[in-house]
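Okay, handing you the structure first.
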Amino acid sequence: MTSTEMDYSKVGEYMYQLLKELFPICRSITGEGVRETLRIIQKHIPIKIHGIPSGTKVFDWEVPKEWNIKDAYIMDEEGNKIVDFKKNNLHVVGYSIPVDKTVNLEELESHLYSIEDQPEAIPYITSYYKERWGFCISHNQRKKLKDGNYRVYIDSSLKDGYLNYAELIIPGRTSKEIFLSTYICHPSMANNELSGPVLLTYLAKWVMSEPRKFSYRLVFIPETIGSITYLSQNYKEMKENIIAGYNLTCVGDNRAYSFMPSRYGNTYADKVALNVLRYSQPDFIQYSYLQRGSDERQYCSPGIDLPVASIMRTKYGEYPEYHTSLDNLDLVSSEGLQGSFDIYKECIELIERNEKYKIKCLGEPQLGKRGLYPTLSTKDSGRIVRDMMNFIAYADGKNDLIDISNIIGVPARSLYPIIEKLEGSGLLTKEAVEVM
Amino acid sequence: MTSTEMDYSKVGEYMYQLLKELFPICRSITGEGVRETLRIIQKHIPIKIHGIPSGTKVFDWEVPKEWNIKDAYIMDEEGNKIVDFKKNNLHVVGYSIPVDKTVNLEELESHLYSIEDQPEAIPYITSYYKERWGFCISHNQRKKLKDGNYRVYIDSSLKDGYLNYAELIIPGRTSKEIFLSTYICHPSMANNELSGPVLLTYLAKWVMSEPRKFSYRLVFIPETIGSITYLSQNYKEMKENIIAGYNLTCVGDNRAYSFMPSRYGNTYADKVALNVLRYSQPDFIQYSYLQRGSDERQYCSPGIDLPVASIMRTKYGEYPEYHTSLDNLDLVSSEGLQGSFDIYKECIELIERNEKYKIKCLGEPQLGKRGLYPTLSTKDSGRIVRDMMNFIAYADGKNDLIDISNIIGVPARSLYPIIEKLEGSGLLTKEAVEVM
Amino acid sequence: MTSTEMDYSKVGEYMYQLLKELFPICRSITGEGVRETLRIIQKHIPIKIHGIPSGTKVFDWEVPKEWNIKDAYIMDEEGNKIVDFKKNNLHVVGYSIPVDKTVNLEELESHLYSIEDQPEAIPYITSYYKERWGFCISHNQRKKLKDGNYRVYIDSSLKDGYLNYAELIIPGRTSKEIFLSTYICHPSMANNELSGPVLLTYLAKWVMSEPRKFSYRLVFIPETIGSITYLSQNYKEMKENIIAGYNLTCVGDNRAYSFMPSRYGNTYADKVALNVLRYSQPDFIQYSYLQRGSDERQYCSPGIDLPVASIMRTKYGEYPEYHTSLDNLDLVSSEGLQGSFDIYKECIELIERNEKYKIKCLGEPQLGKRGLYPTLSTKDSGRIVRDMMNFIAYADGKNDLIDISNIIGVPARSLYPIIEKLEGSGLLTKEAVEVM
């Protein structure tokens, strides 16, 4: 099955399968797990994998050392591996330095992380910028630890290496770009965050399945340091070309739709997403930029000011399983992923189709002579062509399709066939939307 | 009694009498009924009647053939005229082509129109742009029709002729115009639409009863094709001169006041009407332009963009009798018409009096030395001249009278005597409002 | 104790003591009582006392004659002083002309003022601009008056003299000014109005206690005619320099906080006050400029247009004791005055500190390497530096501190230490706010 033959209304299951395949890999902001993840995605879409050396200056930051880990465990006095990285990679604090020694319970405790309120969950903890070692365990397990000695073993390395990311540029008829970003730095968690990379993979397939008006810039990066790194190398070009962008995160569960605006909530990306959500998912949750927490922090930062927003399912930080081992393969579903695919597809289609429309004639056009109007005036006939007449009333050259959709209360997608009819009748002129 | 002697607070009854006189005439968008109607109105005000030949190109449209009808009926096998145009001109579908033949019940049914939910009502149906014949009857009568043969007879003609309309230009001290439009294309119905023509007739008398600052353009036209025709011949001049206009429709019943804004609701006509309604009819119903249905569709169309709104009583489409034989002389009243007269008169007076005002002195003026302020300061004295002081506070040269009325929460008409006092004391300067 | 040693969080009691000292003096818009009041204030702060001669033209007004009063009473036939100015100076209508005669009850009644609904209260009545004499008494006393003759005696004088006011200019590093005005024309009443003058006295001490960025213009004037007089002599300079001003009135009780905006509510004074009130007194009452009644009437008048608002406790006209003898020393309190001091101090501090901030780096700064960020990422760590990150997100060079405070929902005062940390790290640039 090639991309062009794919039924994109039923790709949820494919996305779920890819997510399952990527789930066990131990990712971090650098290291072999990132590269392995990107190589698997590369089997689906022609991403280009980049590596930026440790120590490279990126804005106010510096690319950190590369972290890799082979094994880690806590062993009790009887030789039992009571905590084992190979069973769940969340057990090790991300970027833990190597350790191999025997400690008593008191010292061990100072390196343990658990959540009292979620006693079954292994928390997800990292320490990228201060050297530490530590283990994450369930609170239930922690409470059972007895006095005694424990061998703590982490076979990790923190050395000069690379920060890796992947990029896919899909050229369109114009150099103006739609930007989609997601992150590949989280270990075995599902909604946050493997849902974003698998969604972006399948959106990329769909974008490539036919010629597009706009160019597309798609990136798979580690969060924060990755977006800072990518921006530091590309932001001038990005500011020149990107008309709308979305950060794909937490798009895998099936409990809600939600929206994170850009910094002032007034970009073209916001306008498109809010129009689509208003009609397609009217119960969506509207968050404030004050509740942000992902790469919009960089893309929308002062001086960068890219038009980047996020449509999510259940937002990071807003569900109990967030950043724990409970954010697992049961939390996400093919339905959840399909819903995200559909809403992003609708946004992209709208950007591709959005124009400023203007009716050519003065006064209302005579739709009847063009077969666009019922010939018999009855008490109800006014309503029959209501949407078309309302579209025409506001097709004055000032409004784009989204404006008209917002004014007349009709989804943009319902106006596509109307526009086709009117264009077919030679009644409409159109002009490109200037969004920058 | 001459116009100048007329008591315009009691013209409701005159309007109702004129409406009764015009009611029986069979009007359509063209034909003898239109001309007869206009000739009766011409006895009251010096309108000029125009005729535009069939086939004339008017924007995207063409002036249709002229339709006339002498007689029409359905006769049963016993020779009874069971449906008779002479009893109610709604019985014939408007613009029906001639027919004279005998049909069986099945064929007859395909030419009948009735309303199941309003079994007593004869519906109002037209077919201007597709040649058809048909009869409209009550659903009760329709249900009683028996199998058998019926003679259907329509003695109509559809030939090259004229589309007629009437115009009255009343020159004022400036060439800027107030525009009032109504339509004379509906057969025997009262609220929609004989109320508009009779109101416009009496508003014209009142406008002519004294010299005016603004010029007035008043038109009696067939709806839609008439406004398109009139615009096609006059729109450049209209766009140059008209500062505010209203489409007079459904102004005859006594059940509600309502407002149809212009396309964006932001013209001077909207501003004036909303200020007047806010204080004089605060319970008025605010409609959206999406609920439009009369000649604002043309006057406000893209490229035409005239400042035209409507103050109505019960809006077309919003009352059960609409477009049926139940919209009759019982539905409208002299009180209903008087209320419409009063509210339009208040709007026009406001346009005539509206200016930008500016207080001449710095700081508050000393009203006391001019006899405009109580000399004894008591606990209550602050309130006594509150409206005057508030007017002065916002008479800063930026606000017109309507702005001030809106800001300080006082009807413009209550500010007229205050303005006169302040002007009499030499405290005010004024400047014309620029509305275009 | 010098000003610099004063604990300004505990000056309520000092203000209350000063208010008690000033309370018995019979003030009016002119006269010895005004001068005595200003001389007492002069012991605290170095105000300069000015005198403008009667008859001086001030905008649309004229400085009135100076009024002084030594004694006044109503004596009954038995020689009892049943009403005695020396017991309560509200007993005489302000600006009463001299009188010494015997009148019967009927004539006396035409010169008496009382309040039926507040039978215990002596009302406060003045007649500045029409020559009259009169007495104000409680309604209870009035009802007991018996037929008979009464000696009415007012030993007052109305002669050419001076209108006095006091001014204190405190130079700052820039010539831009913060303006504070209050009025000293009310006889023995406490909230309205001795609270304003005592608050202004102590705010002056505090302003002088350290060097300031802005200059301060502080005035103690008679209401209305005083502000008109002051403006007529200074308004050009004031319009050039004043960036924010407040009229201090009704700041002594402890029942509410309230806000009177400037004429359009859109000046820098409004912006500052509303930001401070939003966080410090969120239950404050928002009044409309239509409910104004003090010197904002002059400061905000068309053509003057100074940025002047008022933060009050319980507003004039909104409490039953207003303008009666019940507005006495029991109505105000050191707590009430302290609350007003605190809120005005917070406003002034905010004006002094407000700047437009801009983060220097692109992307988020790395707070960790500067010790501004927790080094271990845990489920909660995002919230720990939330306010700092939100400040940075909107420190884009367009927003001043108040804008950022409003956007991110954090009091400006909570952002002061954050700004200091960021400035200390060299991460911020700042630019003066342009408010004029």
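Note that the chains take the letters A, B and C in the order they are written out, and that residue 1 is the start of every chain.
One rule holds for everything that comes next: a contact is a pair of C-beta atoms (placed from the backbone, for glycine too) under 8 Å apart; a residue touches a chain by one contact, two chains touch by 3 or more.
Small disclaimer: the values here were computed from a predicted structure and weren't measured.
Undergrad: Could you name all chains that are in contact with chain A and with chain C at the same time?
TA: Correct list: B.
Undergrad: If chain A and chain B share one sequence, what is the angle of the rotation that overlays their CA atoms, in steps of 5 degrees?
TA: That rotation is 120 degrees, given to the nearest 5.
Undergrad: Compare the two sides of the chain B and chain C interface and say whether they are made mostly of the same residue numbers, over half shared, or of different ones.
TA: different
Undergrad: Rounded to a whole Å, what is the gap between the Cα centroids of chain B and chain C?
TA: Centre-to-centre distance between chain B and chain C: 55 Å.
Undergrad: Would you pick out the residues of chain A that each touch at least 2 other chains?
TA: In chain A, no residue touches two or more other chains.
Undergrad: What part of chain B is in contact with chain A in the complex they form?
TA: Against chain A, chain B makes touches at 58-61, 113, 115, 123, 125-130, 132, 224, 227-228, 231-232, 235, 263, 289-290, 292-293, 297-298, 300-305, 317, 322-323.
Undergrad: Please give the residue numbers of chain A that touch chain B in the complex, ascending.
TA: 358-359, 361-366, 368-369, 375-379, 382, 389-390, 392-397, 408-409
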